[in-house]
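Given below, in the form of C-alpha cells, are the structures.
The two complexes that follow have subunit A in common; it is paired with subunit B in the first and with subunit C in the second.
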Partner chain A sequence: MWIEIAHFSTLIALMLAALLLIAPLIGVRWQRVVWIRVARQAAFMICALLTLASAGLIASFLNHDFSVKYVAEHASLKLPVFYLATAMWGGHEGSLLLWTWMLSLFVAIAAWKHWKTHPVSMPWVLSINGGLLLGFLLLVVFLSSPFERLLSPPADGRDLNPLLQDPGMVFHPPFLYMGYVGFAIPYAFAMAALITSQGDSEWILATRRWTLFSWAMLTIGIVFGAYWAYYELGWGGYWAWDPVENASFMPWLTGLAFLHSVMVQERRRMFKTWNLFLIITTFALSLLGTFLVRSGVLSSVHAFATDPGRGVYILIFMSALLLFSFGLLTAKSDQLRETPQLESPWSKEFSFLINNLFLVAGACTVLLGTLYPLAIETLSTAKVSVGAPYYNKVFIPIMLGMLALMGLGPLIPWQRASLAKLRQEFLPAGIIGLLGMVVAPLIGINHLSGAIATGLILFVGTTHLTDLLRNTKTRMSRESLTAPGAFLRLVTRNKRRYGGMLVHLGTLVMVAGFVGSGLFQEERDLFLAKGDSMRIGSWSLTLESMEKTARRNWQADEAVIRAERPGEATLTLRPQKRVYSENSQPTTEAAIHSSWREDLYVVLGDGVKDGVWAFRIYRTPLVAWIWVGSGIMVVGVFWAMLQGRRLQRRAP
Partner chain B sequence: MNGLWKIVLLGVVMAILLLFALGLKNDPRDIPSPLVNRPANDFTAPALEGDQPVRLSAHRGQWVLVNFWGSWCVSCVAEHPYLMELAKQTKKRTDFVMLGVDFRDNPDSARAFLARHGNPGYAHAQDPEQKIAIDWGVYGAPESYLVDPNGTIRMKHTGPLFPGWFEQRALPLMQGAVK
Partner chain C sequence: MKTLANKRLYLILTVLVVGGSLAALVFSSFTGALVYFHTPTEAVAKQRELDGKKIRVGGMVQAGSLAREAGTLKIRFLVTDGNAQIPVRYDGMVPDLFREGQGVVVEGTWKSGQDFSADTILAKHSEDYVPVEMSEQGIAKSKESLLKSLK
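Up next, the complex of A and B:
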C-alpha cells in the first residue's frame, strides 16, 4: 500500500518536473508571469510529493514489507529499527530517491526565498532545476525504481550489508548528498546570470549562503565517511584515495576555491568568468561523483551497482548538462566586463588568485589520478591503480602551499600593500614559523613535510591570533570595552570574517591530525594466545580471554584485552569478529581507545588454531584531532552563514 | 575568456565525456590474473561427497573448469543454475570436466546448499582453511579458472559465469582459436 502511494507520487512529481522545466520558458518567452507562478507552485508540489514518496519507502521498511524488492534486499526482520528507517539509502535505488528528494526540497526553498528578491533570475533557476529534477526522476522511475514488487515475497529479507550498519554510515550519504545537491542552486543562479547576461555580482550575493551551506554539508559528509572507514573497516586508516572518495573531494576543493574567489568579485568586481567557471565545475564534479558511484565505470568499494543501462543514461544526462553549461559559459563570457585589473602582487586579491590556482591544481591532480586507471584500461588492456604514493607525492606539497597562503589571509590588505608594511606585519609570525620548522625535528618530527607542516601551523596560527588580538585591542580603546566584551563584539559584528578564521583554525587542528596519524602510525601483526602480552608505544596489552557474544542480528567472537600504560588506569578493549547472517562474510569490529594524544586500535583477525588468534594493532597519534578540527570548521562555516548581506555595502 | 581557453575548456570536457563513454564497456570485475598462462597449482583434497579425494592432476589431458564457491556466497546462488546447465550440457564431452572448490565453508552447509539449489553432479574439493584458494589467488567468490590439458591456467573469470560463457569464452580457447 505505502509503496504504491510512493510510486504514484513519484510519477506525478515526474510530470510536474517536466512542467517545471517548460513553464518558466513559456512565461519568459511570452511575458506571462502566470506561467512562472505555475512553475513555482510545481516546485512546491514536487517537494511535497517526493517527501511523501520517501516517507512511503521508509514506511515499507518499518512495516517489513518484503514484497517490495528493495526492502527485501536491504532489510530483515532482525534489523534494529534505527537501521531499518535509514536502510532507505542502503542501496542504489533508494539513494537516488533520497538525492532527488533533497534536490526538490532545496528547489522549493529557493523558489520560496528568492521569489521576491530575484525576479529576473527566478524563471531560469526554476527551469534549470526542473531539468535536473526531470533527469533524476526519469532515472528513479524507469531505470532504478525502488518501488518494484516481488511476485512471491520472501518470509525474511536479505538484510542490510553489515558494513553499513554503523552510525557513521547512516549519516554519511545524506550529508554528502546535501552537499552535492546544494550546489545545484548556486549553479542554477550562475546559469541564470549567464543567460540573462547579468553576470555581475547579484547571483553571488544570492547564493552565498547556499554555497557555504553546501560546502559545510560536503565537509560533514566526507568526514563522516572517513570516520566510518576508520571505525568500521578495521584497517587503521580513514582515507584511501579510493575513486569515489576522490569524487567527493574534488567538488569540495573547487567549492572551497569558489568560496574564496567570490569575495574578490564582491569587493573588486573581478574574476567574474572565473567564478562562473568554478561553480559550474563544482556542480559538474558533484554529478561526476554520482556518475562514478552509480555507473560502475570505476571499480571501488562504493560501486555497488554495476549496470550499463544506468551508466549510459547518466552519461547522456551528464553530457547534455556539461556541454550546455560550459558551452553557454564560453559563448557568453565575453559579455562580462572585468573592470579593474590586479594592481599589485602584494594584495589580498592576488593571494586569493594563488589560493585558487592551488585548489584547482589540487582538484586536477585528484581528477588525473582518478581517471588515469580508467584511461589506461580503456585504451589498452592493462589494469593499473593509482594509490596513496601518487597522491602523497603530489598533493602534500600543494596542501603545504595552501597552508602558507592561509597565513597571509588575515593580514594582507586589499588592492595594494607596501612591502615595508608587509615585512613588519609578517616578521614575527615568519620567525615563529621558521623556528617551528627547525625545532620540529628535535622533538621527534623527523620528516620533511611533517616539519614544514608544523612550522606552517605555527605561522598561520600566529597571523590569525595577531589579527584577533589587534582588532580586539582596537575595539577596546575605541569603544571602551573590556577584553572579552570587545572580542565578542568583534566576532559578532563581522561573522563572515571570523567564521572564516575559525574554519582556518579548524584546518590547523586537522592538519596536525594528518601529520600525526599520517607519519607516525605504528602497526603490529601478531598471534596471541590467552595470557600472551605485547607492547606498542608505551602500552602493554594482554589477551585475557576469548568470549562469544551475540545481539539481535549478529553473533561474534570477542577478545578481552587488558591495556595498561604506566601512570594510567587500566583499560579493557573488546575487539570483535561478527557474523551477521549465514549469508554474509564476517566483519570486524575494531576496539578503539581514543584520546587527544593517540588512538589505540585493536583488530581481531582469524582464529589460527585452538586458542591462538591473529591480531593487528595500531597506535595512531592525533587521529582525534581530525574529527575535532572538522567540527571546528563546520562551526566556523555556520557562524559565517549567520552574517546577513549588510556588510557588502561597504565596498570601496 | 580568450579563444584558446575556450577550446581548451571544451576540449577537456569532451575528452572526459568520451573517456567515460568508452569506459562504460569496461567490466570492473575483469582483473587480469598473474596466474594466467602459468602452471596451475595442483591440489588433492577430500571430496564434499564420497571418499574419493579430488585431485586436479588426475585430469591431465582434459580441460578443467575449476570453480571456487562457498555456501556463504550470495552470487554463487545466482551462478548455480548455469553451472547445473553447463554440467548437463558437457556431460558427454571427454575433453572437458568441471571441479568445484568449496572454500572457507563447513561441509554440512555446503551439502545443504547443493541439496537446496540442486547438485550439478561433478566433484567438489573441500577447502575449509582456504589453502587452495590462497594458492590460486582467489579473493572473492565465485571465481572460475580454466585449466588446459597440460595443466596451465588459461583463463580466470571473476564473478558468476554467465549463460553462454562456455561457447563465447571457453570454446574458442579450447579449439585453439585464441592463443
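Up next, the complex of A and C:
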C-alpha cells in the first residue's frame, strides 16, 4: 500500500518536474508572470510529493514489506528499528530517491527565499532545477526504481549489510548528499546570471550561504565517512584514497577554492569567469560523485556495463550538463570583461589565486587517479589501480603550500603591499615558524614533512593570533571596551572573517592530527593466548579471557584485554569478531581507547588453535585531533553563515 | 607603462612556475604509482617482464593450499585461476573474508625463482568498503565480474 503511494507520488513529481522545466521558459518568452508562479507552485508540490514518496519507502521498511524488492534486499525481520528506517538509503535506488528528495527540498526553499529578492534570476533558477529534478526522477522511475514489487515475496529479507549497521554509516550519506545537492542552487543562480547577462557579483552574494552550507555538509559527510572507516573497518586508518572517498573529496576541494576566490570578485571585481568555472566544476563533480558511487561503475566497469541503460543514461546526463554549462560560459564570457587587474604578487588576491591553483591541482590529481583506472579498463582489458603513495606524494606538498598561504591570509592586504611593511608584519610569525621547524626534530618529529608542517602550524597560528590581538586592541581603545568585550564585538561584527579564521584554526588542529597519525602510527601483528602480555608504546596489554556474546542479529567472539599504563587507571578493551546471522559474513569490531594524546586500537583476528588468537594492535598518536579539528571547522563555517547579506564593503 | 607590463609578466611567470611545478609533481608521481592487475595465468606468462615490479594478482585461494608457519603470522598459499598457480607469502593478519576457496587480490612483488611476496591482501571485505557493493547484490555482481575476468 505505502509503496504504491510512494510510487504514484514520484510519478506525479516527475510530470511536475517537466512543468517546472518548461513553465518558466514560457513565462519569460511571452512575458507572463503567471507561468512563473505556476512553476513556483510546482516546485513546492514536487517537494511535498517526494517527501511523501520517501516516507512511503521508509514506511515499507518499517512494515517489513518484503514484497518490495528493495526492502527485501536491504532489511530483515531482525533488523533493529533505527536501521530499518535508515535502510532507505542502504542501496543505490533508495539513495537516488533521497538525493532527489533533498534537491526538491532545496529548490522549494530557494523558490520561497529568493522569490522576492531575485525576480530576474528566479525563472531560470526554477527552470534549471526543473531540468535537474526531471533528470533524476527519470532515473529513479525508469532505471533505478526502489518501488519494484516481487511476485513471490520472501518470508524474510536479506538484511542490511552489517558494515552499514552503524550510526557513522547511517549519517554519512545524507550529509554528503546535502553537500552535493546544495551546490545545485548556486550552480543554478550562476547559470541564471549568465543567461540574463548579469554576470556580475549578485549571484555570488545571493548564494553565499548556500555554498557555505553545502561545503560544511560535505565536510561533515566526509569526516563521518572517515570516522566510520576508522572504527568500523579495523585497519587502523581513516582515509585510503579509495575511489568513493575521492569522489566526495573532489567537489570539496573545488568548493573550497570557490569559497576563497569569490571574495576576490566581491572585493575587487576580478575572477568573474573563473568563479563561474569553479561553481560549474564543483556541481559537476558533485554529480560525478553521486554517479560514481551509486552506479556500480567502481566495482567494475564490466559489472556496470551489464546494466547498460543506467550507464548510458548517466553519461548522457553528465555530458548534457557539461555541454550546456560550459557552452553557456564560453558564449557569454566576452561580457565578463574584468576591468581591474592584478597589481602585485604581494596582495591578498594573488595569494587567493595561488591558493586556487593548489586546490584545483589537488582536484585534478584526485580526478586523474580516480578516472584513469576506469578509462584503462574501458579502453583495454588491463586493470590498474592507483595506490595511496601517488596521492600522498602530491598532497603533502599541496597541504604544506596551502598552510603557508593560510598563514599569509589574515595579514596580507588587498591590492598591493610594500615589501617593508610585509617584512615587518611577517617577521615574528616567520621566526616562530622557522624555530618550530628546527625544534621539531629535537622533540621527536624526525620527518622532513612533519617538521615543516609543525613550523607552518606555528606560523599560521601566530599570524592568526596577531590579527585577533591587534584588532581586539584597536576596538578596546577606539570603543573603550574591556578585552573580552572588544573581542566579542570583533568576532560578532564580522562573522564571516572570524568564522573563516576559526575554520583555519580547525584546519591546524586537523593537520596536527594528520602529522601524528600519518607519520607516527605504530602497528603490531601477533598471537596472544590467555594470560599473554605485549607492550606497545607505554602500554602493556594482557589477554584476560575469550568470551562469546550475541545480540539479536549477530553473535561474536570477544577478547577481554586489560590495558595498563604507568600512572593511569586500568582499561578493559573488548574487540569482537562478529558473524551476522543473515549472511554469515564475519566482521571485526575494533576496540578503541581514544585520548587526546593517542588512540589504542585492538583488532581481533582468527583463532589459530586451542585458545591462541591473532591480534593486530595499533598505537596512533593524535587521531582524535582530526575529529575535533573538523568539528571546529564546521562551527567556523556556521559562524560565517550567520553573517547577514549586507557586508561592509569598502571601495577598492 | 613599461613597469606595469613588467609587473604583469612577473605575475604570469609566477603563476606559470607554480602551476607548472604542480603539474610536474602530479605527473611524476603518477607514472610510478600505477599497479597493474594480472590473473595468475598472465603473471606466469609475463613473469620475466614483471620481475620485481609491484603488481596485483587476483584469483582464488586454492583449497587446501593455506599453510601457516607455527607460532607466527606468516602464511603461504596458492592463488589460482584454475589454469596457473602462484605461490604467495604474507606476514600479518589477514582480512575477515580471507578463506580457502574464496576470491582474493594480493598486492606485492614477484621475484623470479621466489614466492610472490605480498604486502597487502584484499579479500572481498575491503572492496565492500565501496558502498555500492555493500548490497548483497553488489557483492554477487563483483564476484561474478571477478569470475568473468578470470575466465
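Going forward, the second predicted complex is superposed on the first by the 635 of 652 C-alpha atoms of A that agree within 3 Å, B and C clash if a C-alpha of one lies under 4 Å from a C-alpha of the other, contacts with A are read in each partner's own complex, and residues count from 1 in each chain.
FYI, a residue touches a chain if its C-beta (ideal position, glycine included) is under 8 Å from a C-beta of that chain, and two chains touch if they have at least 3 such contacts.
Small disclaimer: the values here were computed from a predicted structure and weren't measured.
Asker: Classify the contacts of A:534 with the two partner chains as first (subunit B alone), second (subunit C alone), both, or neither.
Answerer: Neither subunit B nor subunit C is touched by A:534.
Asker: Thinking of the overlay built on chain A, is A:109 touched by subunit B (first), by subunit C (second), by both, or by neither?
Answerer: neither
Asker: Could you tell me if A:383 is touching subunit B, subunit C, both of them or neither one (first, second, both, neither)?
Answerer: both
Asker: Considering only touches as defined above, state whether A:396 meets subunit B (first), subunit C (second), both or neither.
Answerer: Neither partner.
Asker: With both complexes superposed on chain A, which partner does A:291 reach: first (subunit B), second (subunit C), both or neither?
Answerer: In the superposed model, A:291 contacts subunit B only, not subunit C.
Asker: Given the touch rule stated above, what does A:150 touch, subunit B (first), subunit C (second), both, or neither?
Answerer: A:150: touches no partner chain.
Asker: Which touches a greater number of subunit A residues, subunit B or subunit C?
Answerer: The partner that reaches more residues of subunit A in the superposed model: C.
Asker: Between subunit B (first) and subunit C (second), which, if any, makes contact with A:326: first, second, both or neither?
Answerer: first
Asker: Which parts of subunit A are touched by subunit B and by subunit C alike?
Answerer: 158, 295-296, 298-299, 303, 306, 382-383, 583, 585
Asker: Over in the complex, which subunit B residues touch subunit A? Could you list them?
Answerer: Touch list, subunit B to subunit A: 1, 6, 9-10, 13-14, 16-17, 19-29, 31-32, 71-72, 74, 109.
Asker: Give every residue of subunit C touching subunit A within the complex, in rising order.
Answerer: The touching residues are 7-8, 10-11, 14-15, 18-19, 22-23, 25-26, 29-30, 32-37, 54, 56, 68, 71-73, 91-94, 96-97, 125-138, 141-142, 144-146, 148-149.
Asker: Going by the contact rule set out above, which residues of subunit A touch subunit C in the complex?
Answerer: 73-74, 90-92, 158, 161, 163-164, 173, 229, 233-235, 240, 242-244, 293-296, 298-300, 302-303, 306, 341-345, 350, 353-354, 357-358, 361, 364-365, 368-369, 372, 382-387, 389-390, 393-394, 397-398, 525-527, 577, 583, 585-588, 603, 605-606, 608, 614-616
Asker: For the complex, give me every residue of subunit A touching subunit B.
Answerer: Residues of subunit A touching subunit B: 158, 273, 277, 291, 295-299, 303, 306, 308, 311-312, 315, 318-319, 322-323, 326-327, 329-330, 333-334, 371, 374-375, 377-379, 381-383, 582-585.
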